[in-house]
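Please find the structures below.
The same chain A turns up in both complexes below, where it pairs with chain B and then with chain C.
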Partner chain A sequence: MAQLPPQTIQRDPQLFYWILFPITVVMVLTGILRHYATVLMASPPKKVDQPALKEQRSLMHGVAVRSNFHALTAPSFKARREFLTTAFDAAATPPANPMTDPGAMDGMMGMMKNNMAMMIPNTLIMSWINTFFSGFVILKLPFPITIKFKSMLQAGVATKEMDPRWMSSISWYFLCYFGLQFVFNFLLGSDNAASQMAQQMQGMAPQAPNMFGPGVDANKQFQAEAENLAVIKHYSVLDDVEQRLLEGIKTR
Partner chain B sequence: MPTEREFQVAPIVPESVMHNTKALSNLQSLSASIFGVAAGILGLESYSGFLFYFIFTILTTILFYTFRVAPTSLKSGLGAFDTSRYFRTQYEFWAGGVFGGLAGYILTWTLFYGLVRA
Partner chain C sequence: MPSHRDEESAHLCLGRLVNRFGDDNERVMALIGLMKEADATDDATLEVVLKEYEALLQENPTNIPIVKRRVALLRSIGRIPDAVTALTGLLDFSPTDSEAWSELSDIYFSQGLYSQAIFALEEVLVLQPNAWNNRGAAPHVHQIGIGDQNDSAKQLAEALKRFCRSIELCDDYLRGYYGLKLTTTQLLNDPPKPSKQAESDGLSPPNLSTLQKLDGLATEKLGEITRRFTAGERGWRGFEEAEIVAARELLEKSSSTTVR
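Moving on to the complex of A and B:
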């Protein structure tokens, strides 16, 4: 196979100051803006009226007893189980309609806001780059890629014979989009809301079921919790503790 | 693999595990971007560039192990290269950073390669 000489393109050094640098700065600043917008738009937790709060707390009580039963002695666990199951079986309330419940609308608005904070800057920057910077070749990738990427990397550059390693401004945008995480880590701390990537990961992860969300039947939850409590086979972490202690002393 | 019962006898604090993982991933994403600068200035291309990245990331992880993990973990009776005192899985410690920092590495590598060489 004949070795082709590497293509060289004479580029104006001004391209750096007028394309590469502005795009990078805008991407970083957008990330910082997104972080602070998310922080500022986070709505404070809603006040819950007394009966609903009581419901939540007693359910949490049940969950806490169920998950920490190993720290209790057998008689005290039995007494708690008695009390909670009878209380849960006695409780009953009708579920609320999610659309009329103001709390539910609040939750949906929060999700909308987050999605907006991601969507709007992306669309704006994409169209900004396409309007002002399309058709410029600014960088060369340091590794070869297949011809398939040509249409993506060289959008707006209609040159047939050009090596697909040359990339236009829009592909620099994509590189920034994926690779600027470390800058935000450095500037804003590691649990920032700046990176789109991290937020998308979050969006993809299965959401924890909303325990006290609107429209959840409290009565059913209570009954399920009572059942969960009833089936626990109790043991204590202190069972056989003296043997473990002796073994620990022996091995020292 | 420890059973549920053993976890209850000697519980693991999730906050501390999070903190350890975060410290490691912060170090790796920052160092990956600096390796990208180095590779770009050296003018590495294709395979040698990726090889450079893998070698130096693994070197960083080994240094992290020797200076931060090994002193206390060897003292507490764990074997060499056993990170279970501070991290949940071995895989997370040894290979997690390789993929976490790759995007940042490619970004700075491309930028400095483009500025210095191409």
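Moving on to the complex of A and C:
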């Protein structure tokens, strides 16, 4: 089978300056803009009021006692267990509705703001590229790729026979969209808010269990913790510690 | 005024912190207060600072750095009961604050309220189970608290066990060995009557041969540490001079009693 001669397309060299370069610059600039917009719009961490703080810390205290009970002697552990289980059982408050809780609403607004900062520029740039640069073939990749990439790289160029190595302007936009993260890391530091990719990744990752988030039933948590405490079979690190010490010294 | 005070640098650093984090940051607020306390020359100024702290807390009662500064200030101007009240208030809404618990235990200890001090130290242990220096602190209190306790056997046994545990966690813990030596000597010289309650709690003191072995171990190790420290051996210079001196005195005292 004879090799097909490589396709050549006569391109205007000005395409590089008028399409490739502007798209890249605009992408970088919007990334930077988005970063600073997010920084400006970020709501400061909300103050926790005293009862809520007490609720959280008491629960953490219960967890600490439960997991480190071995540091205590039997009588002091028993005293704590009794105190904590009665206190936890008594602390029964119905959970607040997250939609009426102003704190929870704040959190949701924050998320909305972030999403907006991500979506609006994307939509604008996409439509801008579609209006101005659609249908241009702007560069040829320096390596061969299979036909499967055709639909990805030649979006907006409906030419059946064209080699998939040719790229259209909208494809260049997508390449920038996914590939500029490292440029932003370099320009803005590693915890920047410019890159959409990082944020999408974050969205995809399973949400970390938020112990004290809105809508979590504190009442149930307290009851579970009281139960956990009640079923502990106590032992102490102080049991036979002197024997352990003597043996450890001997074997050393 | 002591010569090592460098207020100029302190003010400079504080100024930079304020510029960077703003003067409404909780930690910066505490540092500003600390600076005012340091600059105060008489009790009246300190009272003014205290009033400022209280005003800040009125605004935001969960400002923990300020709560702690207030406790420290109350303690330093001698209003111990107020300091304890403030601390227990803090611990009521933040019971996971090991710093506050250890401060509370220190205050109780200074007032001679040993069982309260022990309770607070146990809380520190629950929150930081592997801090051997805290483990060291608890038995000291136990030991000193023996005088006015009825069940001294239990107290001494617990002190012994806690010293053992702190040595187990940190091999060359001088204070641990020191305390172990003190406790074993006390138990050997003056064996307390076994009490039923101590046995039921699993806190009966170990038998005689174990005690003697522990005593020997502590003596040996204290001797090794003091010897190597005095010789300036590599890796053995990190001890406090005063602690070494105390250890040596203890060793000398115990050897003289053995001879007698």
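The rule is short, and it goes like this: the second predicted complex is superposed on the first by the 197 of 252 C-alpha atoms of A that agree within 3 Å, B and C clash if a C-alpha of one lies under 4 Å from a C-alpha of the other, contacts with A are read in each partner's own complex, and residues count from 1 in each chain.
Basically, a residue touches a chain if its C-beta (ideal position, glycine included) is under 8 Å from a C-beta of that chain, and two chains touch if they have at least 3 such contacts.
Since this is a predicted model, take the numbers as computed values, not measurements.
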Just chain B (first), just chain C (second), both, or neither: which does A:Phe178 touch? first
If we overlay the two complexes on their shared chain A, which of chain B and chain C does A:Pro75 touch? Say first, second, both or neither. second
Could you say whether A:Gly248 touches chain B, chain C, both of them, or neither, answering first, second, both or neither? second
Taking the superposition as given, does A:Ile138 touch the first partner, chain B, the second, chain C, both, or neither? first
Look at the residues of chain A and decide whether chain B or chain C touches more of them. C
So, does A:Glu161 touch the first partner chain B, the second partner chain C, both, or neither? neither
Classify the contacts of A:Val65 with the two partner chains as first (chain B alone), second (chain C alone), both, or neither. second
Quick one: is A:Val237 in contact with chain B, with chain C, with both, or with neither? Answer first, second, both or neither. both
Contact residues common to both interfaces of chain A (with chain B and with chain C): 70, 237, 244
Please give the residue numbers of chain B that touch chain A in the complex, ascending. 5, 8-9, 22, 25-26, 29-30, 32-33, 39-40, 44-46, 49-50, 101, 103-111, 113-115, 117-118
Residue ranges of chain A in contact with chain C within the complex: 47-51, 53-54, 57-58, 60-61, 64-65, 68-76, 80, 236-239, 241-246, 248-249
If we count contacts the way the header does, which residues on chain C are in touch with chain A in the complex? 60-62, 92-97, 119, 122, 125-127, 129, 158, 160-162, 164-165, 167-168, 201-203, 206, 210, 213-214, 217
List of chain A residues in touch with chain B within their complex: 16, 20, 70, 138-144, 167, 175-176, 178-183, 185-186, 190-191, 197, 235, 237, 244
